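Before anything else, here is the set of structures, which you'll find just below.
What follows is chain A paired twice: with chain B in the first complex and chain C in the second.
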Partner chain A sequence: MAASMRLLFRRVIRLSHRNVNVTAAGAPGRPAGCWEPPSCRCFSEAAGDRSTHFGFETVPETEKAKRVYKVFENVAQKYDTMNDAMSLGVHRLWKDTLLHVMHPQRGVRLLDVAGGTGDIAFRFLEYVRFQQERQKRRAARSMQAPSWQDISNNYSTEEEDGAQESRAVVCDINKEMLRVGKQKADGLGISAGLSWVVGDAEELPFDDDQFDIYTIAFGIRNVTHIDQALQEALRVLKPGGRFMCLEFSKVTNPVLARLYDAYSFQMIPVLGEVIAGDWKSYQYLVESIRKFPDQEEFKDMIEDAGFYSVKYSNLTGGVVALHSGFKL
Partner chain B sequence: MAALLRALRVGRALRGLGSVVSAPAAQPPCSSLTRGFHRAALRLQDESKADKPPSSSPSSTPYHEHYRAHSAEQEAAGAPQEHSASEPAAEEASRPNTSYQDQSGEQGEEYETEEQLQARILTAGLEFIPLHGWTVEAIAAGAEMLGLSSASTGMFYNGAGDLVLHFVSQCNSQLTDILAEQHNQIQLGQAEPKKPAEFLRDAVEIRLRMYIPYIETWPQAMSILLLPHNIPDSLKHLSTLVDDMWYYAGDRSTDMNWYTKRAALTGIYNTTELVMLQDSSSDFQDTWDFLDNRIQDVVNMATTAKQVQATGETVVQGLMGAAVTLKNLTGLNQRR
Partner chain C sequence: MVRSVFGRLLTEIGCVLCGVQRRSTHGGVSLRGLSGLKDGEQFDLSLLELLVCPLSKKPLRTIGSRVYLRTAMFLVSLLRYAAETNELINEELGIAYPIIDGIPNMIPQDARLIRKHTDPSPTPTQA
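Let's look at the complex of A and B:
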């Protein structure tokens, strides 16, 4: 009863938010009719042809998911190469930073949504494995001359380690991306504790309270209804679980912003054409970055969904923002 | 400003008396200004909640309440009392407004603030310190004991430092409560007032005894406190501790003595703590003997300083007298 009341309450707040924010210049990220005045929205909602942005285009909401799917289907094979080319390899540092901030403990379950080619999941498994090895080494060093009591204790604790294994689940709506990811995993020889699931971020195929950490790296701007994705994240996280989102955001420094804009619109589609043979997908990519809400607005959206202790930090001067919230 | 916020609190309580259904309609749309307001209100409510336990306990006195309120105000002006977590401003907006407060000042389980939850996690983590040491793993074990995922340790951006600082501030407030209780006893005439030296000796012993359960791992905690980014906080805790001890010992000085007294007690406290780390006698008797000797040293030093001053004055007077006598003898003083 209280939960449904809270949901109703949140929806009321969100609607009032929309009424307040609709006049704000360039308020993207609100999927329902941000270009229409409030009075018309009620009618268009009833009529069922809400529209949203697809890059700088305006498309009906039902179309957007399909077009995003096609984009990623086209780029899946060359996705990693293009990431390296476009960001000059810096995207690896961003993902490493995400893992460092996450600092996963033993036995946590990770859900990587829009994980596609599995970058975050691989790094997660490696981090956890490294931590475990370091702890084992430390324990071994402190037990240079173990008594027979210690040795017998060790035998019993080794069995517990099996239950403490960390697990990562990579979820993506796009089968092509998952296929590429699985190939990569086979190539790297990582298979333990990793699963690949097809699913929609707005409607995850998992039960409530399943995961300790939910990450979405460079995927949430492609979701049609971001608030639904956030609510799903809240649902599948355990109490105390952490939501982490890595996403392109607004550059704070004006000089850097000009350079970044020039680079994005002039260089990236060209690189896309040359390397992947697909100009339009990468045009969509840079446009979708511009349509995504800025750091503060996204932080408010996360708080509205019900997360607490929401913080964000800018990486590379605001090119990428790392948002983190907790389900408490 | 305070009156305005009190009115806000009253308004919230009144609204809480109404039904849950009417609450959403009554909630104003949240602009950032309202958010900031709510944030400040929440913080002050935290302060008032923190004030409530002392005032409800029987040990408070007029001095104590004033002192507490004053220090609470100072802290409210600066950083929040516990940890620098961002205020859940949205928490105010998105919850139905049934704020029910019981006598202890704590609202129901659902309405606990982030800082209270963080304090609970850290307190739970203290139990796992013998096993994991002062580390993030201990906090994770504490969170799991409370039923939260170990990912919630991400809230503690200072990691083990948060755990140690929380423990230190917990010990300090326990000590203040004990000292206030003793003060109250003296006020009521149920106990004899102690001399400052004896009072300080007992206070330092009580405070150091709180470390006994963690004495194995305390060197690790001390090294964490000495990390550069933790030094401001650890110094703050140390200085408030020493200040409290002298305050309850009866010191009301307003001159240079204020500084010298606290410096002396800081030295005594730190050296005794270090001695305690490597003490292996039963019930740390060696440490308490060391403490006795140091306090005695300081008392002797004070007496000696007074004696030296008195002697010095006397010597100077004697020399002046001798000089005048000489001048008389040599006839320099005679006027021609």
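Let's look at the complex of A and C:
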């Protein structure tokens, strides 16, 4: 047991030494071989086939989707555990904030793209159910002395109807993530109004004007063509529908930025190795965060896709940004 | 006397377990655990209202007269649920999307060609 721990530590140290060279190249402000400034996507059209970034690597666009798929296939089982470990549980607060800002009413249809293990969809259904119960309690309190007629009416109106009016569809390109999510749902006993679909964010298998709310939480940076995904979001939303996106973004405070960088590049891949046994996937994760456009640029991209009233708010000092836009 | 107390303890534990089970199925949860295939069917039938073939939706956006094309394409893009093979079939393009564990797979590359077409099913980059 002690021997295996020692082997593990030695491996971790070796990997971290290798990583230090990569991070030295990737640290902001220091030019190196293939490193690009985080706000620009590198497209080389010289050879005719376009390339994009996969973390700090440059890969052909066709490659990226495959590699991202593999990353999430590998981490699917330990995804939730790793989220808790890496963010020290704060990711729950971010997702709760998304729901509070969303403030869904009854009978609302949600499409959660790149929803994977279903965190947003579960929270959505619970929120709506909770709102409903609160309303019911208020109604009950206001009815001081109900007649027998009222009581029998209450029994006849189906309680479940409201919950089933609101619907959540979780769409993800990765079957493994959805499978884990479905198991979670079965474990929690949530299944009314919840559906799972394997689909591509750039080519959604839904008709136009179907959904009231479209969310994508920590998924859009993995999409190869973000503008296409945004256009698809616009298409499937009803007029008046809301687009909401949670994504890692640029930290505004420079001191916090240094700490965050150190934490990202030193701690997270190590955690990935120890908990999920996968250093490379978590290396990709922190690199892909650096390559994603910052808050203002992403806001411009959303506006370009055709959304109105686009706003963003920084959570945890800019570690995460919540972007929101409306289809009018 | 000990035996009666023991007996009561056991029945209470039994009640608690049953109660927990009952609570988890309360709230309008669709009947689970009857059979795996039945679950898949239940999920699908309500999903069918929402799902369309991602490929045949594509021309709608680029071509001009949306209203006319919409009515024509709507019929075209309707998916038929084939219970026997557990697939979603798009008749017009002749492709079938598989359903695995009750989750429909709507990725065009994973769809199966039903009949040999002259033109192969278009890839997303071409569409």
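Keep this in mind: the second predicted complex is superposed on the first by the 262 of 328 C-alpha atoms of A that agree within 3 Å, B and C clash if a C-alpha of one lies under 4 Å from a C-alpha of the other, contacts with A are read in each partner's own complex, and residues count from 1 in each chain.
Definition applied: a contact is a pair of C-beta atoms (placed from the backbone, for glycine too) under 8 Å apart; a residue touches a chain by one contact, two chains touch by 3 or more.
All values derive from a computational prediction rather than experimental measurement.
By the touch criterion defined above, A:Asp212 reaches chain B but does not reach chain C. Shared-chain residue A:Lys182: touches chain C; no touch with chain B.
In the overlay built on the shared chain, the residue A:Phe72 is in contact with neither chain B nor chain C. Applying the stated contact rule after C-alpha superposition, one finds that A:Tyr284 touches neither chain B nor chain C.
By the touch criterion defined above, A:Ser195 lies against chain C but remains apart from chain B after alignment on the C-alpha atoms of chain A. In the superposition on chain A, contact of A:Glu303 is made with chain B only, not with chain C. Of the two partner chains, chain B is the only one that A:Gln105 touches; chain C does not reach it.
In the superposition on chain A, A:Leu204 contacts chain C only, with no contact to chain B. In the three-chain superposition model, chain A touches chain B and chain C at no common residue. Residue ranges on chain A touching chain B, taken from their complex, read 2, 5-6, 8-10, 12-13, 16-17, 19-20, 101-108, 212-213, 237-242, 300, 303-304, 306, 308-311, 324, 326, 328. On the side of chain C, the complex with chain A involves touching residues 24-25, 27-30, 32, 43, 46-47, 50-55, 57-58, 60-61, 77, 100-108, 110, 124-125, 127. Listing the residues of chain A that touch chain C in their complex gives 62, 129, 158-160, 163-164, 169, 173, 175, 178-179, 182, 186, 189-192, 195-200, 202-208, 210, 235.
Taken together, the chain B residues at the contact with chain A in this complex read 20-21, 23-24, 27, 29-31, 85-86, 88-91, 93-96, 114, 117, 136-137, 140, 143, 146-155.
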